[in-house]
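A short write-up of the structure that comes next.
Chain IDs A, B, C, D and E follow the sequence of writing; residue 1 opens each chain.
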């Protein structure tokens, strides 16, 4: 394809060239990182009882919205997923599907001892470690962690995004240099729900 | 000098000034300010801080710029099962159509800067109202194209809401036109000379129009199409990235455009300032006065988010048909009585 | 109605997974999945069969937070399950673990001293208020009223601050132990508690104006989700859901555990049975809990600081433990408690949590571990209300009914 | 003095005037709080709450007091406290090493319930009164013997001013700045 | 005035719980004797279990329901591998009848551990429906006549393993294992 027709030809090629110009020559990287850092909207996915402390974090006393984090509705419009506590075998499918539906660049915080190594339920047959399901950036110990710990995690994540340029590198290379992408060992959604047999 | 005149001619040309500068750039700025005010006012009522850390001195205004930039640089997902053409066209067309009523609204009494020929100006209120009813169709198209049950339910709810508020908005504005006796917005504004604003003379019609605007752009008590608790994000569930920003921005821009229409009909448009000759005095300053009053109305609507919950769909429709319709008709009756007495 | 099942809009996601958002089952009956990731459903999935806008049948698909409490309860000995069972509803920690501890005390034949009983009732009432306020917060998010969420969360922080001063942890205190409690009240606690009670009474007045009398909220709640008295009795609903439908049943009256029979309070009962009645029951219960806290704090302030652990345990305390109990008010545990044996037998411990009556059936074979711990939590008994109260309502009533039942999935899935 | 059951019922249907009056009440209440919000927000990185001494924060070991009785490892509900065997010079007859076991903690599982601190016969474990420390990898959370004896580095104290939270009759929670920069 | 209203409503005052339990127990025994169902008594602290055999359990349940025990508090199943039996007890109490409101009486049945099966009592007490599904998935007790017997909490492949039986062993970690290598060297 000659040089001249590249803008008219394939849409993907043109988009890539536009991206290289935007990110390469014009210093938009800092703007992209700053924008992603100050508008981390957590998706509304409550996995278990740490959601009480997550709700307190966005209450009036430890106002999460002062960092620009606004718990929003759908996975499509948000870029942060907070694993609040235990992820059971059934919930792992919901976590994985929600993570897949979120657009890049996206980040994950594992909150609570249950999300790190199973906490009190370390040897339960129905509990899965979240870092086997999705790649996680920040871990918060505690059961449940204090709202300041969650606020500290958001602040640390903001500093990590801006210092290590995570958001713009995601857009430029399409993957995360600092976190190898975790492919699910086993498909957590293999089970099929049996619908209630009561006919109408 | 030629460049100066050319520039003044371009800016002075009503469609450029009204649709592009006030319409696109102006409503973008007003929308960002309205969203910031909405989050900050809700935060104050809720005894908390609201967006703060992006720009501590500015009270967190830059958070809105950060949200917009994040949506702009996010990877837009177009799901496989989606009908791509209407999926992409709906938000963009919805935004453009939302700005079109500005093309027919006069911002000054100086005839040289009227957007329509004087003959057509006689029906400027009707034309503006007609165009203002188009945008919801694109929201329904967005819901239908994204092929998601929640989106379809959201889109159908938007259709229900249009049927309810359309009639009340039109009757409310007719109440104002009845009081003055003509559909020409310039005459309506002229008739409200010396603070005889129609909001004071015909408050019933203003209340009907105000509630109709709150319903049409799904502001808080009537946030039913995008209500989080039932349909995840209504018609915009499948949108991500810049497409979602266009959709959400479209709602706020429609609120700004309808607010401008209300200002002209009820709050005496460019009233305290009598537009003189030339570009500055004849066109730019009156439109700034109109925009300022429109911003006040938009902020008032944003404040409702802090104090109200969400009506059920059938309750909203009942309220529209059983309470607001008689209210709007009473507004027209009051307008006719005032016209016959000659108050205006 | 055999009919072919046409899959509407099913797609194979990039996970290679057949995700069906909604199935068309009948002529115009759809099955919509209000899934675990949904602002209106919390950590569970409700599958509703919808004919137009009216719900025809609702099937709650729970188990997303099933953390095997009963199985782990059988391998962890007698003391370790206390923090384990507390994780079922951490904003109501004392009410959830106290019945288990009382069941173990019944089996061991141990009796907590009077001061420890008053301390237990104090923390239980603080947790009840915090649990009701948390229920209000989630309920108002379902109705779209974000201000009420913030106010309820803010005032809940006042009572969490009280619990933090008393026990050293915000939510997961694991405060009762078989034979007593772990900490005594710090110095400035009584007047801090009285200030909190006076503050909350003023705030309840503003709640009534902003939430209960709000025209939008009132129109969403009045006459919605009506559960008549005999249906509520038939379904075995508990707590405010039963008391909202006219059933005068409260474990604190039926089996007055700890010192509830010496306290002067009222249990509110409404007869309408709709979502508004249940909400009013919870507001009244907050007011009554405030009265109880005042009486308990007065009693604790007057009486001298006796040891807060049972006599049989306090005898075995070495001097270091006794000194710490006097100076820091902190009851130390003894190493043999990790592997203590409880005489054989079966006991039922009951308690009134914020959401209703919780029951522990604890069976011991005299060994180190309990032989069987059967837990029936209030939300586990309220789940059936979804199946029988939802049909016939509109889809938009689902959040109103879900919120008014104050249903907390981690507690229901155990 | 005994508890009683109080039967109550809701007031009947409300007229349109009630609707308008309650609308006005709600709006007046909203404006009243808009004008004077009486905020209770903690501006986090700048102010951090100084928790009371009895707060159950991170757990630290005083190695010299430990008599390695493993009571803490046995009572830990989430098996976070583990015992490791360490060669130590024998105080009684020098030159020979003696096997002694010490606890190490795994903060991935620790639930901060404080059972280990309460069960320790010689008070060798104690609570620090702060809690908000986060990690960005899992390995650092399993502390070995040295890190278990050092108090974790508290970044928030370096960045912000300590504030004490007091319950106030009128405003709910009030922040009282603490003078000493502990 | 408040006391008068209580009596009118027939609300149970805070009598000692033992009296309520005694009243409930005698009421249940009379009901079973009236129907002619032979039962044996198992004492428990805070409740009492009336053990009946499998084929007369539905009759006993209807008798108890008629006697005023209107809802099930808990369907408790206990696995006894040594005696090769599974005990399923329906702990019932009453809301509407003030004399026995709150007193817990258990209707217990011993089933063979190999293939535990019994008639479902959902037709008598609606509130037992979800709890019977739970006992079905955790213990494998098949309830004949249950409207929709599906796993309630567990993932299907776990539901086949019946986790709460004693032979489904969950191992407890000892206090020495699970320490990574770099920490063990100290």
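Just so we're on the same page, contacts are C-beta pairs under 8 Å (C-beta built on N, C-alpha and C of every residue); 3 or more make two chains touch, one makes a residue touch a chain.
Here the structure is a predicted model, which means the values were calculated and not measured.
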Labels of chains that are neighbours to subunit A and to subunit D: B, C, E
Touching subunit B and also subunit D, the following chains: A, C
Chain closest to the assembly centre - both centres taken as Cα means: C
Taking each chain's C-alpha mean as its centre, the one farthest from subunit B: E
Interface with more contacting C-beta pairs, comparing C-E to A-E: C-E
Euclidean distance of C-alpha centroids - subunit B vs subunit E, Å: 61
Whole-Å separation of chain centres (CA-atom averages), subunit A against subunit B: 35
Distance between chain centroids, defined by C-alpha means - subunit C, subunit D (Å): 22
Between subunit A and subunit C, centroid-to-centroid distance (C-alpha), Å: 30
Multi-chain contact residues (two or more partners), subunit C: 38-39, 63, 66, 68, 71-72, 76, 83-84, 147, 150-151, 154, 157, 172, 210, 214, 248, 253, 256, 260-261
Sequence positions of subunit D contacting 2 or more other chains: 2-7, 26, 29-30, 39-41, 43, 45, 74, 77-79, 106, 111-112, 172-173
Multi-partner residues of subunit A (each touching 2 or more other chains): 44, 59-61, 63, 66, 73, 90, 120, 122-126, 143, 146, 196, 198
Pairs of chains found to touch, sorted by chain label: A-B, A-C, A-D, A-E, B-C, B-D, C-D, C-E, D-E
Contact set on subunit D toward subunit B in their complex: 26-27, 29-30, 33-34, 37-41, 43, 45, 172
Of subunit A, residues touching subunit D in the complex: 60-63, 66, 113, 116-120, 122, 131, 137-143, 145-146, 148-149, 151-153, 155-156, 160
Subunit C-facing residues of subunit B, complex: 42, 45-48, 79-81, 147-150, 153, 220-221, 223-224, 227-230, 232, 305-315
Subunit B partner contacts - residues on subunit C that touch it in the complex: 8-9, 11, 21-22, 30, 32, 38-40, 53, 140-148, 150-151, 154, 210, 214, 216-217, 219-220, 394-399
Contacting residues of subunit B [partner subunit D, same complex]: 41, 43-49, 52-53, 303, 306-308
